[in-house]
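Take a look at the structure set out below.
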Amino acid sequence: MSQPITSTLDTEQQKVAGEALRATVIDLIDLSLIAKQAHWNVIGRNFRSVHLALDELVTAARDFTDAAAERATAVGVSPDGRAETVAKESGAVGFPDGWQQDTDVIDGVVRNLTAVIQRLRERIEATEKADPVTQDLFIGFAARLEQLHWMWQAQVATS
Amino acid sequence: MSQPITSTLDTEQQKVAGEALRATVIDLIDLSLIAKQAHWNVIGRNFRSVHLALDELVTAARDFTDAAAERATAVGVSPDGRAETVAKESGAVGFPDGWQQDTDVIDGVVRNLTAVIQRLRERIEATEKADPVTQDLFIGFAARLEQLHWMWQAQVATS
Amino acid sequence: MSQPITSTLDTEQQKVAGEALRATVIDLIDLSLIAKQAHWNVIGRNFRSVHLALDELVTAARDFTDAAAERATAVGVSPDGRAETVAKESGAVGFPDGWQQDTDVIDGVVRNLTAVIQRLRERIEATEKADPVTQDLFIGFAARLEQLHWMWQAQVATS
Amino acid sequence: MSQPITSTLDTEQQKVAGEALRATVIDLIDLSLIAKQAHWNVIGRNFRSVHLALDELVTAARDFTDAAAERATAVGVSPDGRAETVAKESGAVGFPDGWQQDTDVIDGVVRNLTAVIQRLRERIEATEKADPVTQDLFIGFAARLEQLHWMWQAQVATS
Amino acid sequence: MSQPITSTLDTEQQKVAGEALRATVIDLIDLSLIAKQAHWNVIGRNFRSVHLALDELVTAARDFTDAAAERATAVGVSPDGRAETVAKESGAVGFPDGWQQDTDVIDGVVRNLTAVIQRLRERIEATEKADPVTQDLFIGFAARLEQLHWMWQAQVATS
Amino acid sequence: MSQPITSTLDTEQQKVAGEALRATVIDLIDLSLIAKQAHWNVIGRNFRSVHLALDELVTAARDFTDAAAERATAVGVSPDGRAETVAKESGAVGFPDGWQQDTDVIDGVVRNLTAVIQRLRERIEATEKADPVTQDLFIGFAARLEQLHWMWQAQVATS
Amino acid sequence: MSQPITSTLDTEQQKVAGEALRATVIDLIDLSLIAKQAHWNVIGRNFRSVHLALDELVTAARDFTDAAAERATAVGVSPDGRAETVAKESGAVGFPDGWQQDTDVIDGVVRNLTAVIQRLRERIEATEKADPVTQDLFIGFAARLEQLHWMWQAQVATS
Amino acid sequence: MSQPITSTLDTEQQKVAGEALRATVIDLIDLSLIAKQAHWNVIGRNFRSVHLALDELVTAARDFTDAAAERATAVGVSPDGRAETVAKESGAVGFPDGWQQDTDVIDGVVRNLTAVIQRLRERIEATEKADPVTQDLFIGFAARLEQLHWMWQAQVATS
Amino acid sequence: MSQPITSTLDTEQQKVAGEALRATVIDLIDLSLIAKQAHWNVIGRNFRSVHLALDELVTAARDFTDAAAERATAVGVSPDGRAETVAKESGAVGFPDGWQQDTDVIDGVVRNLTAVIQRLRERIEATEKADPVTQDLFIGFAARLEQLHWMWQAQVATS
Amino acid sequence: MSQPITSTLDTEQQKVAGEALRATVIDLIDLSLIAKQAHWNVIGRNFRSVHLALDELVTAARDFTDAAAERATAVGVSPDGRAETVAKESGAVGFPDGWQQDTDVIDGVVRNLTAVIQRLRERIEATEKADPVTQDLFIGFAARLEQLHWMWQAQVATS
Amino acid sequence: MSQPITSTLDTEQQKVAGEALRATVIDLIDLSLIAKQAHWNVIGRNFRSVHLALDELVTAARDFTDAAAERATAVGVSPDGRAETVAKESGAVGFPDGWQQDTDVIDGVVRNLTAVIQRLRERIEATEKADPVTQDLFIGFAARLEQLHWMWQAQVATS
Amino acid sequence: MSQPITSTLDTEQQKVAGEALRATVIDLIDLSLIAKQAHWNVIGRNFRSVHLALDELVTAARDFTDAAAERATAVGVSPDGRAETVAKESGAVGFPDGWQQDTDVIDGVVRNLTAVIQRLRERIEATEKADPVTQDLFIGFAARLEQLHWMWQAQVATS
């Protein structure tokens, strides 16, 4: 691939940050598609709460996708967010086809969030030396996704 | 698949409308991912115009995806908008990986819009008898996508 | 009744469209009053979700009432939306007096929506030849009411 | 009727406030339906002014209906705002069917406002001891309805 | 004329839709200029109501002009909205020069609306087979213009 | 009076501009009080139009009062807008006590606007040499007040 | 004076409420003119704070003037807010001509507020029996004016 | 304590109103802290509804706190809303430490609201003679808090 | 033509200002129609920039048309903005039919702006003595149109 | 205490972050109560500036409290923000009862801000290894509180 | 320098207007930088008022800079607003380095405003014949800057 | 220079952070002036895109200038953003006088951004130990400036 966009990062830093960002773009697109899938297919007593909360997750996932992809371009790396790439490389755990009971939806969202956050945490460490700007972006994503993780988990928690 | 949501449509009508809607959801998700992919990877003299116009296409594709998916649920059919389904079943023509020259991006967008509109036109005919509410939704999608088709094609047209 | 407002419709078209619109005005006013009645009297664990969702139904019913009534005037037919007329002629199935458990409220809303949508579907067919403008209005009502029907039914659905 | 909602009012206070509120809910729903009926059916030189002013009256009547009904629930009394109840128990003086000349509409609105205000004034006195919170709500309704009464009467007044 | 913009319509469909759209653009521009002319030149007791209502008509006519012209481009047909074309080809009935009494203005607006709606109704039929997207646009125009026709006619109606 | 605020105007210029501004402040306060008086006391068939139009006049008069007074301070001259000063020195023609028929209100407003505009026109000439900034402010006032004068006069005009 | 507007108040009640409201209109107009006068003429170290706070007082005084005047009309009594009437009958203590030191402005505002509030308190008692709606309006005025009184007095207070 | 702010109330009236307001400030701050505590610590199936509803309670409690405290200052009495004062003097019934099940949270909120409303009702009586302005403020608080009490109780009510 | 609206201008001043305003109304309507024509028919690489910039020109032309026409009425002169009058009397240089290359559109816009500005400059001189209010309006038009002229010319300029 | 919410942090990290967050919640609630206390009780020449600036501090303290508490829940730790806990454990230096001179208020705010910032700085260091997400939150708090510290100190600074 | 942008002004007019505009751009950029410098460095009892008022001055200076620069381009003259040009050619009187007492800041602002206004006044005269559009722009700047001059001077004035 | 504002940083930390912030203020002011200079002087086919994009750069540069300067004051260091200081000490590479072709403007912007970002990157490292709050601010600046760098470079990039 040609390198039409230059960066203040050296080649190694660019590689570390670029790979972390490309992988994050893919995870987050998948998360947004899973959340929309759940948003449409949820049924059960808590339909309305779950349906609405899923759109908040979609909004977060979409905003972070765009931020990660445009950070990749800013360090001179082309992001790839096409359906086939997402289908092959996503680190999310997926979601079943068809109508889903609200309790199953909540479990599914918590498991997908856990997987995505875990990978994000690793990238926060990985990019600390390579690029503090990229790291700071990931910290911001983690802050919001961990807040959402609590809110989803709280629905199935018992004291 | 169970049928937890009922509809005033009979089984045949539901089948026709449901299939048309499920396929439309998939085309439109792919269109939105392609437009985002182009939004990030475009380079060249018209970068700014193309970059901004692509986000208008993303907005249209996302809004119509949601409308089509929620119309499917309204007629009792579960939509499937997961990455793997989109990767396998989309009727869009796709988009290459990596940085793309603005002229190539415009060509690619026109070709994808043409493909999606063509399929939508067929579904407008197919749903006329089965469900005028679904047909009216598709007519609205076509109105906007054909407007965008003109705006993109106008950039490469000569009188 | 005198005919102070003229129309491009002929007498027969005006009669078909006018009757369909007058009946729709009545159904929708009753639907809005029933939804408000439920909004105030619901009790139970899902009080908040149901209470809020009912106001969305009220908004839809009121907006459509106004649109149907002003379409009647536009084709030269006087609408009648007074309490006594609504009490006598409404096609909705009604709602009991006093405090109601949330599960009963959901059932009641689904049954009223089903009745109103069924009659609307018949009027979409009836007005196709008489007045495509009126038909298009009814298609728009059905689109939203069938979406709400799914959302209410989803709360009591099991996969 | 069971009493699922408790109140700081004693039984007698609750009875006085509750009855006043239930009757007010009915009067105000009827007022809102009458105002909408007039809004659609008015004709004549002042059509536009009267048509617009009627929607301001609808807004007031609907807002106050909701406030009165939710005050009833707050004191533990279930409100009844269904069409048949309104048709039977409303204290408003009603409105004729069909197209109406603007001058007749103004007279009709003034007479209905006069009737509703008169009953409201009696309830302000009746609830003074029973519940100052309910009384204060009625005072607020009277303030706005008497302002509207002046504005409607001013259109037919001569000095 | 060259055809720089392509369409999914075949040549005959494009011809039918294109002619209907080009003629509609011209009628609506003329309607907007007539409404502005009346907006400035009206005098009489109802000056304020008529002056304000005319700007609502201008807004509708301008919005629909733009929608019709951009629908023409979307089906590959160049619209012509220049003053000389409008002066020659408009189907509106025109408006006299100089100050005009409010009663005459209302009559003139009703007659122009009647003429434009009549032609629009014919085009709704004409485009049904050729292009349902264009037809749906015309149905939307008719819905609003017939509503405005009622509101203007109501000012001179007697029961 | 001391001169705590300095100006780039010389003493003569300051005197001319200052007197014109002080007199304008007084005329405009009186105009705003007259318009409010009419706003409250108007009765008759055009009550609503006149009542609303009077508040537009109040807004203009208040905004211009503030602009004129703060222009006076900007050239180092203290404005005086107290009730007794306005009562003594205003150039407006006044307004009768008590309820007023709408036709009389329109006549009264036209006469007061005529008087205030006439004096403003003289001050536009008087300040041309002394202070173009003050003159430009007066030109802006005249533009709006003459527009309002036309709108009020149009209500009693016949062609 | 004729009585074109009727009221549910009896003659004595109307007289008490009407006189209280007419006098309040006059006090509040004067208060608004005094506050504007001070707004323009204040000088000194606290110019900006005092200048801005005076416009908040103007807003309150103007809003309450309109509310009191329209309450007067609602009970069938014509308000009089003309400059000469205000100059003669106001209960405010007035304000000197010319530039004023900020400390003097604060003292002047406190004294005017004290006078207006004192008279308002008397009218709250006077209207209790005559018209609780008018009394409630006065209570609302007192709440805000006493809050402003504290804020102005706090600027000259020492602990 | 010195009395830097004066009031139109006499010493006894000031004492009654001042004590009622000081105690209300304390109750409402505690209510806002309890609602926030619950907002953070709630878990269970209705997490989202309860979490959101608690912030509406916080908003009400904070707005009323400020209104009560600034009413105290307006009658010349210094309010005390410091943590130690609230901890010692609050009339609310408190809330346990740690995560709480949603059903327990609802019970806790109802009990705290009941306690605060009961004390407010006593103060409405106590201030009737001393200061109708303060009483009117308390009536407004009670109206909203009793509405919230119904909404919370409705979640655990059965018909 | 009768003169139902009076003015403070004398007959000669009214004639000079009135003719300048009537001619300006015609030029600006034509400019707005030309800009819309170009907005729809432009093709080429800069389609998006030119398409968007043309709507800014339309907005300016429409706003100034209304201001000029209402200034004409304010000086007692009836404006004429009908299609046939515009077609006959406009001072703009016109625009060709059919699709237009973006470079040709820019040239066409610059030439039309130049023509309209040139005529406006002459009217600024012509109205200086006759009516400074009208002159000030024209100065405001010239300021914006000359700014737009620069922005359009800058697209074809080379240093 | 049970641990119903899980986290990607290990036990030690959770302990460090959780303790820092719980202590911060307490400090910030106390800071918001102190700022409100000062907001109500300040008197003196700079009353208005200080009164307004204190509400900006309240807003910051409340927003940060919520962010810190929801970060605690996100790492699985229950926050405690009840009045008694705040009274016992806050690290702010407190504020005296009763009316306070503006100069004393400024001193008190600066001292409380200094104490809270000092503790926050220590927690920024303490959480660097344990949880960069929590650390980033604290850095954001410090940025705003140190800005406010400068603004308050600037009021008593001399060069 | 080439002349890529043409103008309706002749060479002499262009020279006069162009020089006045270029010099104004420089003065106003300097004024905006001085105001920001003061905004950051002010200390003393009136810190908050002065700090806020300086940002209003910055806003005015920046808006006028842009308007003057774009007027220069509109008459075909290239503006120069680079730091080195401003440092060399500004007509403002400058501002010292380091923290500044509020009283000194006020004096400094008044002196800079006086210098800039004096030069603007000369340019209003200089451009009267050359270009009334440019003159009108300068009159608008003077109106606002002289208002701000009064507001700043009022803070140090004594009656 | 005296030190009227204190900080929690020690002398060395304050020196490091203070110098970095003072230099950043200067670079960013120069960047904003250069961007404005280019905004006014750009000509060529991409005028509109470049002209608009430059104002986005101005906005970023101005917002960051203010943030950096107020961070300097927050750590007790006086910032210096006067024209002469910027002219002498800026690290940007400058911009030529006179009209500039769009391609040259893009090159110039990219080179200036590169220079400013390079220096910012060094300061991110330099302040890591001295003050994480300042470092975090710089990271935020770099994130946005590097995004803009990509967007500008993309306009001249080829794949």
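Chains here go by letter, A, B, C, D, E, F, G, H, I, J, K and L, matching the order in which they are written, and residues are numbered from 1 within each.
Everything that follows uses one rule, which is that a residue touches a chain if its C-beta (ideal position, glycine included) is under 8 Å from a C-beta of that chain, and two chains touch if they have at least 3 such contacts.
Because the structure is a prediction, the values reported are computed rather than measured.
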| item | value |
| --- | --- |
| Co-neighbours of subunit K and subunit B - touch as defined | I, L |
| Which listed pair, A-C, E-I or J-K, duplicates the contacts of C-D in over half of its pairs | E-I |
| Pair joined by the larger number of C-beta contacts - J-K, D-G | D-G |
| Subunit A and subunit L: spacing of chain centres that average the CA atoms, whole Å | 31 |
| Centre-of-Cα separation between subunit J and subunit G, whole angstrom | 42 |
| Separation of mean Cα positions, subunit K and subunit H [Å, integer] | 53 |
| Multi-partner residues of subunit C (each touching 2 or more other chains) | 2, 4-5, 43, 46, 49, 70, 73, 98-99, 136, 154, 157-159 |
| All chain pairs that touch each other | A-B, A-C, A-H, A-J, A-L, B-C, B-E, B-I, B-L, C-D, C-E, C-H, D-E, D-F, D-G, D-H, E-F, E-I, F-G, F-I, F-K, G-H, G-J, G-K, H-J, I-K, I-L, J-K, J-L, K-L |
| Interface residues, subunit C side, partner subunit A - complex | 46, 49, 52-53, 151, 154-159 |
| Contact footprint of subunit K on subunit L as seen in their complex | 1-2, 4-5, 29-30, 33-34, 36-37, 40-41, 43, 65-66, 69-70, 72-73, 78-88, 90, 94-95, 97-99 |
| Residue numbers on subunit G that touch subunit D, as the complex places them | 2, 4-8, 70-71, 73-76, 132-133, 136-137 |
| Partner subunit H, residues of subunit C touching it in the complex | 42-49, 51, 98-101 |
| Interface residues, subunit H side, partner subunit D - complex | 114, 117-118, 121, 124, 135-136, 139-140, 142-143, 146-147, 149-150, 153-154, 157-159 |
